[in-house]
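The first chain written gets the first letter, and so on, giving A, B, C and D; residue counts start at 1 in each chain.
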Amino acid sequence: MFYRESGDFKTSYSADQQTFPIRLDRHVVYGILAFAFLVVPFLINDYWEKSVLLPFLVWAMAALGLNILTGFCGQVSLGTGGFMAVGAYACYKLMVAFPWLNMFIVVILAGLITAMVGVVFGLPSLRIKGFYLAVATLASQFFLVWLFNKVPWFYNYSASGMISAPERTLFGIPVTGAEAPPWMTYLFCLTLVTIFAFIAHNLVRGRIGRSWMAIRDMDIAAEIIGVPPLKAKLSAFAVSSFYIGMSGAMLFALYLGSAEPNDSFGIAKSFLVLFMIIIGGLGSILGSFLGAAFLTLMPVLLKNIMVGWFGWPADLAAHLELLLIGALIMFFLIVEPHGLAQLWRVTKERLRLWPFPH
Amino acid sequence: MKLKKMGVALLAAGLLVTSVPAMADLMFPVLSYRTGPFGANGAENADGYLDYFALLNERDGGIGGVKVQTPECETEYKPEKGVECYESTKGNGALLYQPLSTGITYQLIPKVTADKIPMLTPGYGRTSSANGKVFEYVFNYPANYWDGASVGVKYMLDQEKGDLKGKKITLVYHNSAYGKEPIRTLEELSKKHGFTLKTIPVDSPGQEQKSQWLEIRRDKPDYVLMWGWGVMNQVAISEASKMGFPMDKFIGIWWAGSENDVKPAGEGANGYKALTFHGVGKDFPIFKDIETHLVAKGKASNGGKNIGTALYNRGLYFAMLAAEAAATAQKIHNTKDLTGAQMRDGLEALKLDKARLEALGLANFAPEITASCENHGGSGLVAVQQWDAKAGSWKLVSDFMQSDREVIDALIKADSEAFAAENKITPRECK
Amino acid sequence: MAELTQDGRKIGDILLEVKNITLAFGGVKALTNISFDIKEGEIRAIIGPNGAGKSSMLNVISGFYHPQQGEVWFRGQKRGPMRPYEVARQGIARTFQNIALFKGMSTLDNLMTGRITQMHTNILWQALWKGPAEREEIAHREKVERIIDFLGIQAIRKTPVGRLPYGLQKRVELGRALAAEAKLLLLDEPMAGMNLEEKEDMCRFILDVNEEFGTTIALIEHDMGVVMDLSDRVVVLDYGKKLADGTPNEVRNDPAVIEAYLGVGH
Amino acid sequence: MSPELLNVLEVIINGLLAGVMYSLVALGFVLIYKASGIFNYAQGVMALFAALTLVGFQTGQIPFAHVINTIFGTHLETWGPGLPTFFAILLTMGVMVLFAYLVERIVLRHMVNQAPIILFMTTIGLAYFMEGFGDLMWGADIKTMDVGLPSGASTWFETMTAGWATEGSNYPGMYVDMLDVAAAGIAILLVVVLTLFSQYTKTGRALRAVADDHQAALTVGISLRTIWVIVWSIAGFVALVAGIMWGAKSGVQFSLSLIALKALPVLILGGFTSIPGAIVGGLIIGVGEKLFEYSIGGMLGGATENWFAYVLALFFLMFRPQGLFGERIIERV
């Protein structure tokens, strides 16, 4: 009754193609954005920044990236952790080499460098498909992590091999380092993620997105009707790695402040991001956000409930948390294999008809 | 719709920090890990840490009459979770962090400095934080990795009657920030003492080390040092024993010196050595107190099953350092309730001598410590322990030995100054 | 040298010619020494029993298979070794025997993908959307909407094609091939599995396309009635060899064809 | 022979033996993938769980003791001296069959006809679940695996090979670990048994039928669900064997589940659908990574094995995208 599209008429193709075709959706999204940009910065504290919002934004960015490659172009990749490491180390080297460089530019440059690396590691995708490709991308994961561990140039020959983000300011306010106020790092990440979410949406609704989806749905037919597979796959790898690289840079510079290849960019991260997009919804921008939210917030939530409310011992809670997350993943996949985004779509369709059952 | 709203409310509530600050108590958050690849080690350490504070509460009514609270937070040894644990506990009047992970330590160094909450990382973390002029809130006494490397070499020197010229020493290390720590020190020492150093990395997790150990078997080094962690230790020790490497010439760092590391290798591990900066076994008066006040009352952590293990003792020792520093701080500031900054003063003024250790029921458990404003790294006294597979226990086979300060101090100075320069920190003056 | 068909359409020069094509998979010969041509504006049928090599022939023309011997000439030029998408760019579009739609995309997107060879805004403009990318999108959308109208599939514009019934899917696939505005349209069994009514619809579409857009069409079909009605010329393949080539009437009366289709002794 | 040559030979032999250990894990993947098209990431955790259960029975641990103690404040640890190894293995096998049944019943049944990647993700969910479950059930401490397998260097082999070296080179002889040899023997036995089973038993033939064509198998009256339970049980058995072997090497602990990562390059090299592929793939990976580490790894700073295994597999894939023994992918339109 309240959620409807009747009365929403489109008189031009441009209006028909807009991002949120239904008026109510549009208003809700603008409302959320306004809240996120204008209200949250005044409420935020260290805990919300470091435990909830930054992880969510960083992983949402990574999920967007992987969703472009896997969800839209159909190339399953388990190299996400490695590409995030490229972004993080590129970011570190840039920050140290050009201290005056604006952090936005640093992060974007780090993304571009990752994109180039991504193209190189995307080359096997031209011959290898499906799970064979997924496992083959693990080669990049392991190789990159090994490389950043092994070559001292990447960590500026520091004794331990850890990289730490030096303090950089934006408009005179620190945005990296310990002195950075939570609202600043939050707004920085939020701005990037918002802009690039819209860009991702623009890409997938146009020519490039269609060529990706065509390759995903039926690669041979796509080639015969005129989609160059080389260009489509490599551009997907490039764009995807670009996003993942930026998320790696954000993870290192803004969220954690220091990083080490094994702990921060291990294989577990690759699986985590793949999870996010599958739980959230393959081939859905919204799904990337929902998946990232689910998998970053759920553990915190479970922990707070079990340890904070029920007062269970931390170790029991930790084991139970693992068990519950596994069970929830299976539950969601059984209930809706197409992810939370699909669940949301179905709910919306029901809402349109509400209160009438059919 | 109602359900959905409730869900959202539940979500928001669940994400909020839920523990209520209890300002009257001394708050020592425990960042532990009991799951994941290193969970077995983390659990033993955390048990010791928790039990010591529980003992103080039970026996003495806390520290200086103030009860101690030890909220535990599971980090899974992951940097992200570590940060989350830190952020969710720091607001409740947290006095000290001991994250038991080098990765998390690096994450927290700038944060604790900004929040003015001290962090103590004995035997791990950032080695150069021993320089109190640069790292105001970070401590790592009584010993650090470089002390470990140095004492390891010193022990070999003793065994070889003072001469290591032409000897071959191989370092097997976990291919990570942690594992790479001793390399620079060992390189310096190899120049000084004339031994040849070979380093062999093992990639995490390290279940397959055939290549590495075949290489060692071919090289026949005189000594093998190991910087390992988790499953890497178990596999290395069992490979070494199977290949017939003399176990008494195989020396691990203190993180490769727990019962967990040697037991899977069975009899073969007999004679394996590891470095340590505290005593081993249950032969100290304090364990009687633990028995009467905790185990008997069913209050021991994990049912008391880890009491007396190497890592339990380490946890106990970590807690003891924290408690002693808190007591010192109470004296200095003449207050019962402490702040992070006051706790820092306590840590800097900590003086742990033989008499005090004896009074604590820990006579000869650990070397003396005298901390100061510039010295956050302690004396660097390290001993060697050896595994007796038949008895199933460790025993100390050396005294606590002084590390080569000449070499290490120079390295610490260089690294901490580099850090200060990179982060634009002006080293403070110490009076 | 334009000639006219009986119904008054204009047939032009040779558009595509295959010369002595031989294609083998391992030791098995799928096509042996096949030559024929397709003239501009005509409807050309390729018929033959199952396994005759018809689809292989189309795959050779689309550049998906590379024959061991023989040449393909398109618009008066010999074609070098080419990837299928380059062939598509030259102006050859096609449909597939087993529907090869992009199942995760809507009807509209499938048709827009058909136009992909003609869309060129670069990735930066695409990222920005407003400006050239949107203008291009709308321009092509208008063309696609014409095809949607033409095929009468307005109602399923935004439906994911995976949910459509078979007949509609075939129609969408035709639409996708039409959207390319190709010189040459290859249709691989456009009417397979359709009922009579759907077949009639499809026939009309094919004829309309040919007349309205002047598109040259080569089609494979099993329904002889349809073939004889629709096509200007027919080439008959059997076991990878060319059996006959000519107008429907010539082919129908060719003894070799009769033998192949009906067997000896009739 | 010169000692250098013998060294290379030693590396190769140990590489082959390590390869067998990888194959043991890879086998479980292949079995399930062949029969149901599921890429079962949980195979590694199954090995951990099986090993934990076995040790638990052997030492007489009370399952969920920690949970019970926490809730009821009791001090349970063990119920007795534990079971003899043989019975413990049998009982563990029973647990793995029960596990297979539950997995089919609760999870797989609802996942028929889903996309492969969804099934893959489900098994990762399963892996998380079992990690948590295993920890709760048996505790997270490191346990020692002892089922009486031989272990340690073979002195016989050492003395024999020492004699091969040129006079006066002081070559100490080659090293092989008896445990690895035993593992190789068991792996061969396992493959033989599996082959016999699939060739000569009714169930085995049904398994092969399902692997060839699901639909066709269904039409001749083979119950897919029963088959899945059987396959997962067999995979559980293979996991148990892998768990015993790897557990004897490193102790039974969480890291055991990570051996799955060692099996993946083997899998793509040998092909997801081929049992001989899993064996040959394992051998190639084992020898390849060890030789690379021996000859070139040192120059690159060492610890190359993890990524080199994948790169080696990738290299083979460039020539055969379906793996060495995988079913040929035919592209058609």
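Here is the rule we go by: contacts are C-beta pairs under 8 Å (C-beta built on N, C-alpha and C of every residue); 3 or more make two chains touch, one makes a residue touch a chain.
The chain lineup, named per UniProt: D = Amino acid/amide ABC transporter membrane protein 1, HAAT family.
Just so it is clear, the model here is predicted, and its values are computed rather than measured.
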item: Pair exhibiting more inter-chain C-beta contacts, A-C or A-B; value: A-B
item: Chain nearest the global centroid, as defined over all protein CA atoms shown; value: A
item: Distance between the centres, which are taken as Cα means, of chain C and chain A, whole angstrom; value: 41
item: Approximate Å spacing (C-alpha centroids) for the pair chain A, chain B; value: 35
item: Mean-CA-position distance for chain C and chain B (Å); value: 73
item: Computed distance of Cα centres, chain D from chain A, in Å; value: 33
item: Of all residues in chain B, the ones touching two or more other chains; value: 34-35, 39, 43, 175, 203
item: Of all residues in chain C, the ones touching two or more other chains; value: 64, 96, 100
item: Where chain A touches two or more other chains, by residue; value: 146, 149-150, 220-221, 224, 313, 315, 319, 322
item: Chain D - residues contacting chain B, complex; value: 7, 10-11, 14-15, 18, 21, 66, 69, 73, 75, 77, 135, 140-142, 144-146, 151-153, 172, 175, 177, 179, 246, 249-251, 253-256, 258-259, 262, 289-290, 293-294, 297-298, 301-303, 305-306
item: Complex contact set, residues of chain B against chain A; value: 11, 14-19, 30, 32-35, 39, 43, 72-74, 76-80, 83-84, 86-88, 90-91, 102-103, 106-107, 109-111, 113-114, 126-128, 175-178, 180-181, 184, 203-204, 411, 415, 418, 422-424
item: Touching residues (chain side chain A, partner chain B) in the complex; value: 46-52, 55, 96, 146, 149-150, 158-162, 164, 166-167, 177-179, 255-264, 266, 297, 300-301, 303-305, 307-309, 313-315, 317-319, 322
item: Residues of chain A defined as touching chain D within the complex; value: 70, 76, 124, 127-132, 135-136, 138-139, 142-143, 145-146, 149-150, 220-221, 224, 267, 271, 274-275, 278-279, 282, 312-313, 315-316, 319-330, 333-334, 337
item: Footprint of chain A on chain C - complex, ascending; value: 62-64, 83-85, 87-89, 93-94, 96, 100-105, 109, 112-114, 116-117, 119, 121, 123, 126-129, 133-134, 136-138, 141-142, 145, 176-177, 180
